[in-house]
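Residue numbering begins at 1 within each chain, and the chains themselves are lettered A, B and C in the order written.
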Amino acid sequence: MSESTSQAPALEVAATGLPGGSAGAGAPPKRNEFIYYGLRNPKLLFGLTLEVLLVLAAIIAPFFANYEPLTTTGLGPQHPGGTFWLGTDLNGYDMYSQLTNGLRESYLIGALGAAFATVVGLVIGFLAGWRGGWLDEILQLVTNVLVMIPSLVLLIVIGSYLTSRSILFEGAFIGLTTWPWVARAVRAQTFSLRSREYVDLARLSGKRPVSIIVKEIAPNMASYLFLVIILLFGSSMLIAASYDFLGLGPSQTVSLGYMMNQAASNSALLYHMWWVFIPPGAVLALMVVALLIANVGLDEVFNPKLREQ
Amino acid sequence: MRRYLTKKIITYVVAFFIGVTVDWALPHFMPGDPIQGMLSKYNVADNAGYQALYAQFQSSYGLNVSLWQQYLNFWHSVLSGDFGQSIFAQGATVSSLIFSAMPYTVALLVPAVLLSYSLGNRLGAAAARRKALDNSVLPLGYVLQALPYPWLALVVVYLFGPVWHLFPTSLGYDQGLIPHFDWTFISSALDHWFLPFLTVFLVSLGGWAIGMRNLVIYELENDSSRYLRALGANERVVRRYAYRNASLPQLSGLALQLGVVIGGNIVTEVAFQYPGLGNLIFKAIGAQDYFLLQGIFIFIVIGVLLANFIIDLVFVSVDPRTRLSMQGAAA
Amino acid sequence: MSVNVDKLSVAYRSHRGDVTAVDNVSFSLADGEIMGLAGESGSGKSTLGNALVYLDPRMKATGGNVTVDGKDLPISDNNAMRHRRMTEVSLVPQYAMSALTPTRKIGKLIHDLLKSHHIKDREAVLTELKRRLELIGLKDDVLSKYSFELSGGMRQRVTIIMSTLLNPSLLVADEVTSALDVSTQRAVGEMLLEFRDRGYIKSAIAITHDLSILAQIADSIAIMYAGRLAERAPTSVIVDNPLHPYTQALLNSLPEVGVRHDQVTLTGIPGRPPSLMNPPAGCRFRDRCPFAFAKCTETPAFEEVRPGHMVACWKVSQEHADTATAGHGQPAAKLPVEEQV
């Protein structure tokens, strides 16, 4: 992830505005500038469009399926084409139905994971950055320790002891193992922002801490935080896929990882049934790629230094 | 420097402590009774017999003493390396299973990480200065980074196995061979090693390339690069300095990404049925072999902490600020 | 003339159009002359100075040319300029505090720079380097240190030494004293004078918004406003007898040592500099000038109203045309040049 440090422009070549900062009438407010550059950034547009299309597919496409994902069609394995757009697998399940429902489930888990991670990470990162001192040291210790332990391993260990498996748990646990990324970013930003002049000014003028947090610090942190959350969303989906692939996910829910797990255990590869395992992973890769590219574009929009001429 | 290393070591000790505690605590506080699970395989109809067997299992697994005592016992097993008997592989100790699986995982992980890291860095740096290269490297890097490990593994298995018949796609070596340090075995092992290695290598490569590219671009634009150019340094010198400066945060990033690579490694091993620790975990889950799981977890934690420590040492030797800084460790 | 800038214009692209940061600027420097370039933030002084050494890739020179020692200086041609940088023209940047790369020892850094310039006799240069370090009071173990091991003042001085090591004809010093405490400011100012006197540099342009430093080291001062030159004259003339209303207002807004607030009120200049995206026609100071009149809607010419004294102001040109006596208007304030701060 690129840094968004602020080095004062030595020359008056501040692409964010006119020379000398806000001098002169007609200096554009920051938000308009984001929109201006945002609409012209090819990466952001590409990624966003692709992602929106996929989300739409997740919402709408399942309605076109003829069978429930786990209701057997009664037929054996079928090639794609004809009635079954993506064929069926060895158990006779409709692959199109599984894929489109899997899309939904994966998005859901990704969102859940990202949401949990964001909430926990925000609280912890903010406390650490705002208070400093020994609280910061302790929280940092916890964060660093958790960051080191591989998420998937921890998930496996937790998940294998669970008797009931649900999407909520899975999302929650993924969030609980990935929040350090958010916490780090939030802490760094809080630290850097809390000693800025305008915050000091707000404090001097007697504003209450909550008001300072909401009005001065949060908006400045928002862009960087947004970037981190996007990445987290993507990694949540990938972690969930690996987790489901290992067979630890909810067994009555079809997710993209689950599909791959089934493909492997049913020897779909041996039988050259490529339509069983290639689509789920490919679609997942698309979902993540779109996020990554949109993220880069967004980074460029927020940071003038990364923009190309 | 001393403060930096001390702080790091404290983190590792705490991490180890937390790891061991979590590892021990989880099965005890999760719903479900492992002994019941084990006993269900025995179909004991007689109630008295069931109770006796239950008590027997309890004592042999050390579960009939107080919780605190169990905790201490666990520490004892961790420190002595004795995790008891595996459940699914009757007769084999947990540690023996782990130690026979470990070389395979290490052989897979270490080269994959090192190679993808160094190659990815060079690729990223090259992309940072040449626009044409950037336009192809960047999308490729993102795609690679986005590929789910299990999927790429399955695709690789499919292509090289059933389709092209180029490489063996499962297990660690040809069946019928006994692990020996002779060429037949080693060549067979390498044959089986290559595809899983390729999988882990490819996915990690993308991430490093992109990360390095961004860092180098940032460095090429910063004040020290501008000053060099203002003094007429040729671009090669500027790039060299930028690369050196960018390598430092990239190295920190390596420590952070280890977790992801290990996760990917596990999944890849499972897809290839490669006899490493990842595959062992998979089997342990399937057999509900909690002792095996506990043991593997500890080993992975130790391995990760060790790797982090090594990276820290390298970092100190490479970054003059950490080495010489008089203010001690930075936040 | 050592340096001659003729009708130079520099612009950059922003997302709302081209912005001309330096508009049709002309001036010359004699051998050994230190010229101060002063103005507010956004006046274009930094852009002008930096463009002479390293034109930022995001900017372009849209007109005019520059000659140094009689030879053309191709500021737009990066490749051609590379050999001239550090050898003929050099820069002490505004960001000197972060200009030295943190992962290389100072000595090695200099070594790499010399190699870039294919300097044949590096030994001689190194000996000279050590001599100069000693001259300004730095020990030569500085060469085996990293930049973060040095204090701000030391870094500033090391940057100056580095930038002048190959005896450039023109040194552009961008805000070299802004980040320093007052006593270090004086030391750095004296360092520049010393270097000029010893011939390490031929002429120099000192960019700053701090007029008091210029009073100490500059032979002449040029005042820039909104991308254009407003006035240029020898330092004593600017200090004692400024003609352009902007210069007068600038000097009036400086506090005087020893004078209390209840005796004299500080006056600023009401208003703000105009937007350079769509600058107003004519004189750009018009809206804030107490002497503006009808003619000011035409761009005033930067002309010599007295020997060695150039001004771009219709009022001044008019008076110069009318009479030959000393200027009307507000008397210039006295700068606390001689006092120790």
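Criterion: contacts are C-beta pairs under 8 Å (C-beta built on N, C-alpha and C of every residue); 3 or more make two chains touch, one makes a residue touch a chain.
Note that the structure is predicted; figures quoted are calculated from it, not measured.
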Does A-B or B-C have the larger number of C-beta pairs in contact?
A-B
Compute the centre of every chain as the mean of its C-alpha atoms, then state which one is farthest from the centre of subunit B.
C
Distance between the CA centroids of subunit A and subunit C (whole Å) is 49
Measure off the straight-line distance from the CA centroid of subunit A to the CA centroid of subunit B, and report it in whole Å.
22
Where the CA atoms of subunit B average out and where those of subunit C average out, how many Å apart are those spots?
57
Note: subunit B residues in touch with at least two other chains are 222-223, 226
What are the residue numbers in subunit C that touch two or more other chains?
50, 93, 95, 98
Among the residues of subunit A, which ones contact at least 2 other chains?
7, 10
In their shared complex, subunit A is touched by residues of subunit C numbered 12-16, 19, 21, 40-44, 46-47, 50, 56-59, 93-95, 98, 174, 272-278
Which bits of subunit A are touching subunit C when the two form their complex?
7-8, 10-13, 15, 17-21, 23-28, 33, 36-37, 309
Touching residues (chain side subunit B, partner subunit C) in the complex
222-234, 237, 241, 244-245, 248, 319-321, 324-325
Mind listing the subunit A positions that touch subunit B in their complex?
1-3, 7, 10, 141, 144-145, 147-154, 156-158, 160-164, 191, 234-235, 238-239, 241-242, 245-248, 256-257, 260-261, 263-264, 269-270, 272, 274, 277-278, 280-282, 284-286, 288-289, 291-293, 296, 305-306
Footprint of subunit B on subunit C - complex, ascending
50, 53-54, 81-87, 90-91, 93, 95, 98-104, 112-113, 115-117, 146, 148-149, 159, 162-163
